[in-house]
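As written, the chain order gives the labels A, B, C, D, E and F, with residue 1 at the start of each chain.
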Amino acid sequence: MGRFQPFHRGHLEVVRHIVTGAAAHPLLIAIGSAEQSYTWQNPFTGGERFEMIERALAEAHLSNVVIVPVPDISRHALWVRYLEGLLPPFDRVYSHNPLTLLLFGHAGYVAESPPLVERGRFEGARIRDSLARGESVTELVPTAVDRYLHEIKAAERLRLLRPGGSAPGAAGHPSGR
Amino acid sequence: MGRFQPFHRGHLEVVRHIVTGAAAHPLLIAIGSAEQSYTWQNPFTGGERFEMIERALAEAHLSNVVIVPVPDISRHALWVRYLEGLLPPFDRVYSHNPLTLLLFGHAGYVAESPPLVERGRFEGARIRDSLARGESVTELVPTAVDRYLHEIKAAERLRLLRPGGSAPGAAGHPSGR
Amino acid sequence: MGRFQPFHRGHLEVVRHIVTGAAAHPLLIAIGSAEQSYTWQNPFTGGERFEMIERALAEAHLSNVVIVPVPDISRHALWVRYLEGLLPPFDRVYSHNPLTLLLFGHAGYVAESPPLVERGRFEGARIRDSLARGESVTELVPTAVDRYLHEIKAAERLRLLRPGGSAPGAAGHPSGR
Amino acid sequence: MGRFQPFHRGHLEVVRHIVTGAAAHPLLIAIGSAEQSYTWQNPFTGGERFEMIERALAEAHLSNVVIVPVPDISRHALWVRYLEGLLPPFDRVYSHNPLTLLLFGHAGYVAESPPLVERGRFEGARIRDSLARGESVTELVPTAVDRYLHEIKAAERLRLLRPGGSAPGAAGHPSGR
Amino acid sequence: MGRFQPFHRGHLEVVRHIVTGAAAHPLLIAIGSAEQSYTWQNPFTGGERFEMIERALAEAHLSNVVIVPVPDISRHALWVRYLEGLLPPFDRVYSHNPLTLLLFGHAGYVAESPPLVERGRFEGARIRDSLARGESVTELVPTAVDRYLHEIKAAERLRLLRPGGSAPGAAGHPSGR
Amino acid sequence: MGRFQPFHRGHLEVVRHIVTGAAAHPLLIAIGSAEQSYTWQNPFTGGERFEMIERALAEAHLSNVVIVPVPDISRHALWVRYLEGLLPPFDRVYSHNPLTLLLFGHAGYVAESPPLVERGRFEGARIRDSLARGESVTELVPTAVDRYLHEIKAAERLRLLRPGGSAPGAAGHPSGR
């Protein structure tokens, strides 16, 4: 479970480890905050992230993965129950978010943090920052994602959304909030 | 796109036709009203319907299908745009709902109604009614779905949810609304 | 205040009476349920209704009118306070809805039902029904509205939305709910 | 748990039975649909119902009762978890709604239907109907509730809200929906 | 399109330029975040802002302007489509918000940033700050708006809402959030 | 009215003052933001806070108090009217939030700030901070609350929720937002 803004090489390695490792098993990737887009935290729509992940998995010849975009609900205490109602059954949860691990642990799931691959480097916020500055991210995201980010002109979008960018009101609601 | 309450043999034949027919192409099944459950119109959760469909496709050896549960939004005029934001790109829409066909047609999609297989017989409402009466639906749903409906005690649930059932307030909100 | 689905000659006469009558005063037309559209009760978007009214007033050379689309809120007890927060000050409310009259009366407004012009004939539901049947409504709506309804193909839309229409699932949510 | 539209003698007897009976224990009364008001199904605000119940319990010298108004959420599958988050701990649920009994039963609670006292007679819908017709309900509701209903002019409100009442659009949203 | 918290002389000059300039055309002013009020970012209700603008336009003898308060929706990707559904047709969008310009540009509109009149000086946040400090804003807002701000005691309200004000919890939700 | 995250000795003294002082009168404690939980600002569910308060009042032998959890609404201008609809009648409001005092004052209530008991010391944010650091809060909260916080492992939860905690993404939405 993650937001995948964007899907990067760190994510890909975790997926590869789960579906091809010693204890290989099918994986369901839940795209969190799927209804969010065009903000600095969540620049890409749920559909764009779905597409990124699908292309990256195809490129890496990884199968046995189901992708589901999941819109947020505002009440944390209902989060586990909400996912149980929306998704097919699962018994193990991977996340780097300790709150998620806590909530699913309480509810009886095996909830664990996957081994990190150079976390400092492969981090959504840093990659978004590089994109906004016009820097190359070729070494940080799978090749298929890199190509896709060019297709949808991700750099231009991120430059506009960056908080404290040069544009007045740049990071807010389209109404200017 | 449909609600699949439950997923029946008519649905399965449409899927088979699309992914194995002369003009075979990949298919994305959007489960509508995915956040609804425990009502007469939508007795099964999005997750239960996901599971039903997945099992039925495995049983029928059909692949090239992606399943996505989609919660409703209340504003019809935003429906097309909302799905574009949540799902990976698509260019053709199948539905029996004329409003859906109209809205997607206006937006430039190929929107068509798939050929019906004995529609009178394979209809969600009729199958739910049979379940609520305790009748067998073995001939109406795929074998894997029939087995799953027993597992989750679908008949008991539907008996309680049926409007005009013997129980007072049976079809309403749990608060009694 | 009304929903104006569509704006008809009865509405126009009420407006004319208020802004040109003996006690003429400026009028604010609040379009209720402005966020609703593509349903049988509310087939036209807030914007389409805004456009209809604007054209009809121009055609009738009526001025001194401000039009505001107002999305619903779900809690009736907050309705008066909500409108006070969204609209410029007003001191008199016209409506045919007794609940509206009651709520605004309690809150200290002059709330009155404008004199009806052949109410049986000029009624939204009947006009929608005529449109859905493909009948002419030329005598029921202002000429400018009649022309606009043709422009946006209102008859086709209403035929699809009519409850109990020939199409399966015709009146529901686009997801088929 | 109930909606208490209005709180009647049948409700009062159930409360008396629970807090003074052989297995007497403290009771938490959850007022469902608390955010609803000014509709035929829910004419009284959550606060008015709170007041009714409090006065009736005082009149009957019943204590050991906590009253909590609970706004609805729209997703049935989250209902149990939602109440667990909003209310102090409880281990037993009383309701006449079979869906509520099912959902709480699944979640491990003792969920039971309290013995009915002349259910046909003491029923919210019938009492609302009597009020709307201007009939006396003195024998159907506790004396304190009867007095309160006069104070807030319940009869007038219900006459306006009754579906199919003489007034056009009487039962809808204040916007006329 | 803007939030107009409050409507100042910079806004007025833009409006004057559009409706009386060389390429004069009618203007629709959309008041964004219209449902927000009593926060530091949005201290004035949609109705108060409507009133301010109306008075300022009357004072400046500007006509050919329609004012519409527009409540926000939380999903940016739906923003353009939402406004199309709520407002009468338009073909050109003025905003200082680059995200708005991007989204409308993608959707095929002429989207442009109006020429700024001393932007540093005429800025909502600075004017709110001056009001909160009890300073005069006579030179920053139209005379009619200045008078209106006194009428509604804007200075007192802003002093309470200012983040980091002396009062504990001053800028939060009324519940203290 | 407050959020009571958690209920501390300062709160208890205010309650004691109101229900046992010279001008003793019944008190209704509204738990604000009752639907919030598992965030740094609102770590405890509405139900957990209800339980804390109930136990603390029992321990202190205080009666004549009614406790009601109140979910937030997002529109400040409707706050007073919303509470009037949800709660039994009241005529006096206690709060330390100046916006609450302003809004209720405008609406005709006696709205006052209760005398503070060493406010610097008894403050929710500071107590949460102490809990997150693993420090004892025995002297800051009633004994019954202290015991309850141990029961529900409050320290562990707060450590995870603290903004800027060591864990990546620790303070966000469970989806990682």
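Observations on the model:
Convention: a contact is a pair of C-beta atoms (placed from the backbone, for glycine too) under 8 Å apart; a residue touches a chain by one contact, two chains touch by 3 or more.
Predicted model, so just to flag it, every value in this text is computed and none were measured.
Note on connectivity: the fewest chain-to-chain touch steps from subunit D to subunit F number 1. As a whole-number value, the distance joining the C-alpha centres of subunit A and subunit B reads 28 Å. With centres defined as mean CA coordinates, subunit E is found 44 Å away from subunit D.
Rounded to a whole number, the gap between the C-alpha centres of subunit C and subunit D is 35 angstrom.
In subunit F, the positions touching at least two other chains are 35-37, 45, 75, 77, 84-85. Contacts between chains form some other arrangement here, matching none of path, ring, star or all-to-all.
Every pair of chains meeting the touch criterion is listed here: A-B, A-D, A-E, A-F, B-C, B-D, B-E, C-D, C-E, C-F, D-F, E-F. For subunit A in complex with subunit F, the residues that touch the partner chain are 1-3, 32-33, 36, 41-42, 70, 72, 74-77, 79, 95-100, 102-103, 119.
On the side of subunit F, the complex with subunit D involves touching residues 34-35, 37, 45-47, 50-51, 54, 66-69, 71, 84-89.
Listed in rising order, the residues of subunit D touching subunit C in the complex are 35-39, 45, 156-157, 160-161, 167-170, 172-177. Interface of subunit D with subunit A (complex): residues 75, 77-78, 81-82, 84-85.
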